[in-house]
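Shared between the two complexes below is chain A, which has chain B as its partner in the first and chain C in the second.
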Partner chain A sequence: MTPVHLSARRRSGLSFLAVVGAGLAILFGAPHLVGTYGLVQLTLFAAVAIFALSQGFVWGFAGIMSFGQAAFLGLGAYAYAVAAIDMGDSTVPVLISVAVPMLFAAALGYFMFYGRISDAYIGVITLTVSVILFQLTNATSGSQYHIGQAELGGFNGMPSVPPINVPGMPDDQLDQTGIWYVAMGSLVVVYAFLRALLASRFGRVVVAIRENETRAQLIGYDPRLYKLLSFTVSAGIAGLAGCIYVNWGGFISPTVFALSMSAQVIIFVLVGGLGTLLGPILGAVLIQGLINAAGGQSAVDPNLGLGIILVAFVLLIPQGLLPTARALLARAGSRKEPARAAAETARPLAAQPLAPETRR
Partner chain B sequence: MDLTGLVAFNVVTGIATLFLITIGLGVIYGMMRIINLAHGEFMMLGAYTAVTAVDHGVNIWVALLVLPPLVVGLIGLAVERTVIRFLYGRMMDTMLATWGISLGLIGLVTTLFGNVVKAVPTPVGSFEIGRYGASLFNLVLIGTALVAIVALLGLLRFTKFGLVLRATMQNARMAAALGVSPGTIYMATFALGSALAGLAGGVLAPISGVSPDMGAAYIARAFITVLGGGPAIVTGTGLASGLFGFIDELVSFQTSPVIGDVALLCAAVLLIRVLPQGITGRFLRRSL
Partner chain C sequence: MTATRPGAAPLRPLLQATDVSMRFGGVKAVDSVNFTLGEVELRCLIGPNGAGKSTFFKMLTGQLKPSSGQIRLRDADITGAHPHEIARAGVGIKTQVPNVFNALTVRENVFIGAARRTSVKRADAIVDEMLVRLRLTSIASLAVGQLAHGQRQWVEIATVLAGEPELVLLDEPAAGMTQDEVHRTAELIGEINKTHALIVVEHDMPFIRLIAKTVTVFNQGRILMEDDVGRVLADQRVRDVYLGKQAA
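Here is the complex of A and B:
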C-alpha cells in the first residue's frame, strides 16, 4: 500500500484520504446494513469516538494531561439540554453546547497555564473540577434549580431532551437515522478538522511545544497561549460529543461528569495509541464494545475489567495498539525488503507530521 | 456565643478531617512525586475493613483505629511491589496506573460487597456547647489528627528511618551511594501513605456511609489540599488543611457542603495562580 518512494507527506495525505473515505462509507453504508437498533448503537460509538478525539488531541498532541475531560462532555451535554428545552429550535443550542465548554476551559486554562503549574498539577486540577461538577449537578434536585423552563433534576437528570431538528423548523425533529447522520458526520468532520489543524502552522507549534517547551519558547512562541488554545479547542470538541450523547439517549444525568467517564476516555486513547488520531477512535469503539458486552451480566462489575485493562496497558503496551501494530507491520515488511527498511530508518523522524509521540 | 463556639468547633473538626484525608496522599506525593489516584479507594478499603471487623465482633476502637491502617498498609505494599515499582520516574504512567488500580478496586469491592451503603455505629455520644449538641466523635477525629501530626513529625525528625527517608527525598542517588536502598525506602513510604489513607477511611467510617464509590467524595478535597500545601509534607498539609478547612466549613455553614467544595476549588485555583508551588513552596521552605 505504501511504496517506498512515497514521501512522508504523500503517505500522510493518503492515510488521511483512506480514513475519511472509510468514515464516509460507514456514514452512508450503515443505514442500509444494520437496523434501527444497530444504528442507535453505532450512534453511541460515534459520540464516544468524538469524545476520544478531544482527549487524543489535547493529551497526545498538545501534551496536556487533561484528566477531567468528562467535565467538558458534561457541560456540553447539559448546555444543549437546557438550551434545547428553553429555545425549542435546536440550531443555537448545538452551538451553545460547543461554546459553553470552550468558555469554561478558557477560564480554567488561564489560571492553570498562566500559573505555570506542573503537568501533574494540571492532571489533578482537571480531575478535581470534573468531580466537583459531578457533586454540584448531583445536588440540584428540586424545582428551585432551573434555568428558564429546564429543571436540572439533580441525580435523576433531565429526561426527554428534544432531539436535533432541521435548522429553523423546530417541529421537524430528526429520527434515529437522522441523528446517526449527524453523529457520524460530526466524527468525520472533527477528524478532518484535527488533521488540518495539526498540519497547519498552529498545529506544528503545538507539537513543538509538547516536544520541548523551553526550546519553542526560545524561538519566540508563547507556550501558555498555545496550550490554552489547544485546551479550549479540545473542550469544544468534547462539548460537541456531549451534545450528540444527549441526542443518542434523549436523556442526561450527572454520570456524564463522573470519574469513570474521564477514566474511560483516557483508556480509549491509551489503548488506541497516544499521539495518533485514528487510535483513539479505534480504542473508543473497542472498549465501548467491551463495556456494552459486559453490561449484559451482573456477576462482575465492569470497572474491574477497565481497571485491569488500564494497568495492563500502562505496564505492558504503553504506546497503544495502533502504533504497536504499525511497528509490527514495518518489521514484517523489513524482513521481506531490507532496502525498504533502510529507507524507513533513514527518514528523519521530524519529516513525519504525525510521528508517534514521545511520551512525557 | 454558643453558636460561635459550635462553628469554631466545627471548623476545627473540618480542618482535622481534611488533614486526615490528605496526609496519606501528601506523604506519597511529597516523598516520591507520585500522585496516588487510588487514594480515595485506599480510604474506601480502610472503611470496609472497619465495617467487616465490626461485623465480626471486633472491639470498635480496634476496628476503627488499628486494623484499617494495618490492612491497607499491606495492600499498599502489595500494590507497590506489583505495579508502582516498575514505573518510578514516569510520573504520568504512575498516575494512570494508580487510576487503573482505583477503578479495579471499585469494581472488586462492588463485586464482593454489592453496590450498597453500609454503616458503622458511632462509638461515643454527644456533648453540649451551650444550647447546641455536638458529637463527641468529632473529638476523636481531632485527637487522631493531632496524634498523626505528632507521630509523623517525630518519625521524620528523630528516628534513623526518618533521617534516611529525608535523605532519599533530597537526593536518591547520593543516598544510594551511601548504602541506602532507595527502592526499599520508596516501598516503605508507599506503604506508610497507604496506611494513613486506611486510617482516614477507618476513622471516618462511622460518620460517612461506606460504599464502593465513597472515595470520590473525598479525593477532590484531598487533591486540592496537597496542591495547596506544596513540598513540605506535614507542615504543608497542615497549613493547607487549616486554610481550606476554614474556608470549606464557613461556606458550608452558610450554604451547603457542595458549595463549600466549589469554594475550596476556587480558592485553590486562585492560590496556584499566585503560588504555583503551594504554600510551602514560598514560605517555611525548610520545614518538614
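Here is the complex of A and C:
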C-alpha cells in the first residue's frame, strides 16, 4: 500500500470519529443545555436529518433518482402508529416501522430495476407512488377504515399515537427527553451504519455502479441487485425517520406522504451536498431551522422562501455546502493532496443523471 | 499455436461462435460469423471502421443479444446471457470507448475489478500487484476522470485483469496512446497471453505486426479471411478493403 492511500484512509477514519464524537456530544449535552421545548425542536431536527440521510444515500451514492422518499417516511410513520395502537408495547412496532417500508421498497424496486425502467422514469414512478399513498390515506376517513383497533382517520390522521416505551414495559413510556435520546441516538447509529456500509465491499460497488453501470456489469456485478438492496436500505432508514417523526408529534396525518415532504428532503440533500453523508444532515438542520423560523412569521410564504433558497443554492453553490467547504479548506490548507480533493469534489457532479460517459 | 484455418476448430475450443448475426433494423452489422478461439490463443481482429468488430465483442460479452446464432464458452451456451453472467464465466473486456469509474481513484477502480472474486484483503493485494504491473502506482490516488486517454485505457485494462478473466477482449487498446505506451501495451499483451486467451481489435498495423500470430479480417459484417499474420497483411483483398475505406 502506498503512503498516500494510507493517509487518505486514516483521514477518513478521523473524520468519522469526529462526526460521531460531535453527535454523541450533542446527544448527551443537549438535555443539559436546552429546556424541554428546545429538546423537542432538536428531536424534529434529528428525525428530518435521518430522513435526509436516506435520500442522500440512495441518490448521492447509489445514483438512484428516488424522488418520492416521503412514501417510505409515511409508511414507516403509519406502520408504527397502527402497530403501536394495536400492540401496546412499542418494541415490535419500531421494527415494523423499518420493515414495512423495506418490504414495500423491495417489491417496487424489483419491478423497477429488474424491469429495466430507465433512470428518469424511476424518478417519475417513485414520485407518483408517494402521491398515490397520499391520496389513499387521505381517503380513509370513517370508522370502516381501521387496522385492528387503529382507525386511519383520513386527512385528519391518527391522534394520540403512543410513544416508544422501555422495551417490554408498555406502561413505562418515554418522556420528551427519552424520545430525544432515541432520535439523536438513531441519527448517530444511522450515520455510522452508512459510513460502514459505504466502506464495505458492497458500498464500494454501489458507488462504482453509480459511476459506470456498464463497467460494473462487465466485471461481473449485477447492478439490478445492488440497486434493489440500496433502495430497500434507504427505505428502511426513511421508515425509521417516520417512526421518530410520529414520536416527536404524537400524531400522524397523510401530509407525511405529501409532495412537499419529498421535495424538502431533496432540497436538504442538494443544499448540504449530494454524494456526502454529513451534508444532508447539515442541509436538513439548516433548512428545517429556516422553515421553523418562517412558520413564526407571516411576511413570506414558507414554500416560496424554500424555493428561493433552492434556486439561490443551485446557482451560487451548486456542489452544496459540505463539498464547497471541503474544497475551500483544501485550497486554504497545505495543498498536500490537491488531486484527492479534486476527486472528491468531482463526485457529486458525476452523480448527476447525465454526466458524460458515466451513464448509458 | 500455428495458424488456424477457418472451420478447422481445435479439439475443445475456449470460445466458439456459430453463425452469429446482429441486425440493427435493416443493417446487418454482423452477418453469419463463425469464429473459433483455442485455449490461451491470441487472435487479432482487424477490419475497416464499421466492419462489425465492436458489435461482435458486444455479443460475446452479453451487451447485445445476437439476432441469430450461438456463442459457446467451453461447454456453456452463453448466447444472450447477461453481461455480469458472462463476466463471471471468465470473459473480460476493455471496450472501445473507455468504460471506467471516473470519480473514483485509479486504486479504487482496480479494486472493484479485483473484489468480485475474492476477499477485500486479497483484493487489495491483487490491486497492488496490478498497479505495479501496469505502472500506475504513481497515479494510484488520482481520480480517473482527470487522466489522459492512454492512462485511462490502462486503468481499464488493469481493472479487467484484476478480475482474473480467462478470456480477455481488447477493443482498440492502442488508440490514442503514445509510441512508448503502444510498445508497453504490446509487451503486456505478450505477458497476458502466457496464461490467458486474448482477442485484440486494432487498426494500427505496426502494432498488429508486433503482437499477432493469427489474424481474422472483418469486412461489412463478414469474415473476409483468417490466416497467419504475414499472409493476411500481404493479401491484396485486405489491402483493398483498407485502402478503399480510406479513399471513401
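Here is the rule we go by: the second predicted complex is superposed on the first by the 324 of 360 C-alpha atoms of A that agree within 3 Å, B and C clash if a C-alpha of one lies under 4 Å from a C-alpha of the other, contacts with A are read in each partner's own complex, and residues count from 1 in each chain.
The rule is simple: a contact is a pair of C-beta atoms (placed from the backbone, for glycine too) under 8 Å apart; a residue touches a chain by one contact, two chains touch by 3 or more.
Note that the coordinates shown come from a computational prediction; the quantities given were computed from them, not determined experimentally.
When both complexes are overlaid on chain A, the residue A:L329 reaches neither chain B nor chain C. Touch criterion met: A:L136 reaches chain B, while chain C stays clear of it. Which of chain B and chain C touches more residues of chain A: that partner is B.
By the touch criterion defined above, A:Y221 reaches chain C but does not reach chain B.
Once the two complexes are overlaid on the shared chain, A:G123 sits against chain B while remaining clear of chain C.
In the superposition on chain A, no chain A position is in contact with chain B in one complex as well as with chain C in the other.
Against chain B, in their complex, chain A makes its touches with residues 65, 67, 108, 111-112, 114-121, 123-125, 127-129, 131-132, 134-136, 138-139, 258-260, 263, 266, 270, 299-312, 314-315, 318, 359-360. The touching residues of chain B, when paired with chain A in their complex, are 33, 35, 37, 83, 86-87, 90-93, 95-97, 99-108, 110-111, 115, 212, 216-217, 219-220, 223-224, 226-227, 256, 258, 261-262, 265, 268-270, 272-274, 276. Residues 1-2, 4-5, 8, 201, 204-205, 207-208, 211-212, 214-223, 337, 339-340, 342-343, 346-347, 349-351, 355, 357-358 of chain A are the ones that touch chain C when the two sit in their complex.
For chain C in complex with chain A, the residues that touch the partner chain are 61, 63, 82-84, 87-88, 92-93, 95, 97-105, 107-109, 111-113, 115-117, 120, 123-124, 128, 137, 140-143, 145-146, 156, 159-160, 163.
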